[in-house]
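Chain IDs A, B and C follow the sequence of writing; residue 1 opens each chain.
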Amino acid sequence: MAATEARQEEPRVYTLEALIALLEGYLFVAIEPVTPADVAKVLGLAAVEVEEALEDLVNLYARRSKSGLQIMRIAGGYQIATKPELAQDIGKLLAAPAGKARLSKPALETLAIVAYQQPVTVAEMEAVRGVSVDGVVKTLLDRRLIREDGRKAVPGRPILYATTPEFLHYFGLSSLEDLPPLEDIAVAEAEKAQEHDALQAVGLEE
Amino acid sequence: MPVAPTAAPVAAIPPLTLTAFEGPLDLLLHLIREHKIDIADIPILQVTEHYLAHLRAMEAMNLTVAGEFLVMAATLLEIKSRLLLPKPPKEVGEDGEEGEDPREELVQRLLDYQRYKAFVATLATWEGDRRQVFFRGQAAYGDLYELPVPYGEFSSASLVKALMRLLTEMGSDGTAGTAHVGRAKVTLRLAMATLWRKIQRAGSEGIIFDECFERPLVRFDVIMTFLALLELLRQARISAIQEEMLGEIRLAVDVQKAEDETGEEDSAGTDGDAESAESEEEALEEFE
Amino acid sequence: MAATEARQEEPRVYTLEALIALLEGYLFVAIEPVTPADVAKVLGLAAVEVEEALEDLVNLYARRSKSGLQIMRIAGGYQIATKPELAQDIGKLLAAPAGKARLSKPALETLAIVAYQQPVTVAEMEAVRGVSVDGVVKTLLDRRLIREDGRKAVPGRPILYATTPEFLHYFGLSSLEDLPPLEDIAVAEAEKAQEHDALQAVGLEE
């Protein structure tokens, strides 16, 4: 009963300073990205107000050049993370080397197609890749990088797939809008790919 | 295109390139770059020869050539033959287009694929960068990174985990797995019917995951019941709910889906048509 | 091979500044309290050196009066934690429907029994709760809040369970001795909780 009473109490007034401290504490304990909207709802504040405070916090952390922590805008929210330059040492301390178990090339190719064409069916993915994607789709589903997103209104009603918040998080993106226009990449990477191909031909790169 | 069908001998192909291709389109793109070919104006005869030479080399090394590569070979040969045919003066009746280039569709596919392939490099870079930072609690997640299950959302992983748990439970019981000689065999259909009745009887509250399984636990029966559970979930007859991360998984008749469905209201799972009965037998055999 | 080579490399030299940043990052990602000895061993440093850096970090945080975080000495190590004055607001944010992995009521009840009666068998837990605890015990094991602790020397040799260091951490305890005496609780809550009476009854038998 006490819990429901608590919800009915007047929204408290927070100074910017107090709000920032609270957000810092919450970012720390929440083990997932924190969205301004969620915080605003619980505290009875406007989402912009919370967002501004979070941006202040981002800047505050950015100014602490000697700190080991940063605040990232990721997967639609904010999250505290360690700085990249600590990666190797922290990996060692956690006994979890950074960079292992990365996604395979087929998985990345398929994910690229889903990212740009979502929602998309297996047949559509296969049309682009020219090979079966069944196994890869299952792996991506297991790793929660894609999810089912309804069915396409065509004969057979095939399942549609879309990317997840985990996808954004996995690649350190804030939202799908961070994806560059596909055409730009093709041009920029054309030369690189040629180089890569040359290496591949000699077997220097897998 | 004055090239003879039996074109000039293709240079020996370094064997190291063979396993590196993601599929026929990848191989084609490689050939196009390797021979500095304009993708918009592919010399089909030449490319087809190179392509087939690669496949032959793969076969020579006793590598299985995946079906997709053969399909592409057929496509290339078809385009080649269409190019060799004298063009009809005008395509009759077909969208009024002038005799279209038989290569057009292939070129479009190659361009599309090339774009995504290029993006893979970007994704890999992002993946690497992102792995340079650590989040709180990440050590506990391990490599299979997973955001916390949203409130009330069911995770299939937890269902599997629950099964593993039950199998482990049986493993710790000396009688498990060996005591089913002479027992009546449970078929998937029977398991579905039993489970369906049990869940229906429980009403809107449903039953918790552990209650699906009859004690004492026998490995075969547990697997059958679990398969039945998955099948009922797949058919959307029931739904699985987990309200808290540490909470029990509850299984209940899926009211919404049941309303959506027309016909077949009662004792579903005991009937079922011949086709599904067949696949059930297959499923059964797999576990014998 | 690369991994084993890495282990053999010369211990790196850290400036105090770099060491403090690294420790801050590690304290942040490590769920458990960090002990100077463990860090020192992995990094090839002297434990005192690490301890001094950790103390510097404690002071650095203590000087940031506006921050929402502090560094605590807990369970023989150091750990970042939110400041106590934020507890209520953070509790509210964490309890919001959007979050998170809270313990279910049956799980908490069972955990309480284990905490006070450890080592304890499933049958003994069930005697207290009056219902089957099989599922709950499994989830508590999965969550690493309890662990198996040998077998009881009675017919059937049932498995005994005890709490883990994660349990202490989860409840902010430094050691099991920090658990409030059961009798005090029982007296204070006598009227309210019948289950507590049962708990006490069994607790007194031991």
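Everything that follows uses one rule, which is that a contact is a pair of C-beta atoms (placed from the backbone, for glycine too) under 8 Å apart; a residue touches a chain by one contact, two chains touch by 3 or more.
As the structure is a prediction and not an experimental result, all values here were calculated from the model.
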Subject >> Longest centre-to-centre distance from chain B, chain (CA-based) >> reply: C
Subject >> Per-chain CA centroid nearest to the all-protein CA mean >> reply: A
Subject >> Centroid distance [mean C-alpha coordinates] between chain C and chain B, Å >> reply: 41
Subject >> Intercentroid distance (Cα basis), chain C paired with chain A, Å >> reply: 29
Original post:
If you average the CA atoms of chain A and of chain B, how many Å lie between those two points?
Top reply: 24
Original post:
Which chain B residues touch at least two other chains?
Top reply: 134-137, 139, 148
**OP:** Two or more other chains in contact with one residue: find those residues in chain C.
**Re:** 25, 28-30, 98-100
Subject >> Residue ranges of chain B touching chain C (in the complex, touch as defined) >> reply: 134-140, 148-151, 161, 165, 169, 208-210, 244-248
Subject >> chain A partner contacts - residues on chain C that touch it in the complex >> reply: 3, 17, 20-26, 28-30, 39, 42-43, 66-69, 80, 82-83, 86, 89-90, 92-94, 96, 98-100
Subject >> Residues of chain A that touch chain B when the two form their complex >> reply: 28, 31-32, 70, 72, 75, 79-84, 86-87, 90-91, 94, 96, 98-103, 105-106, 108-109, 111-113, 115-116, 127-132, 142-144, 165-166, 169-173, 180, 182-183, 185-186, 188-190, 192-194, 196-197, 200-203, 206
Original post:
Within the complex, which stretch of chain B touches chain A?
Top reply: 14, 16-17, 20, 22-26, 30, 33-34, 66, 68, 72, 109, 112-124, 126-137, 139, 142-148, 157
Original post:
Taking the complex as given, what residues does chain C use to touch chain B?
Top reply: 25, 28-31, 97-104, 107, 134-135, 138-140, 142-143
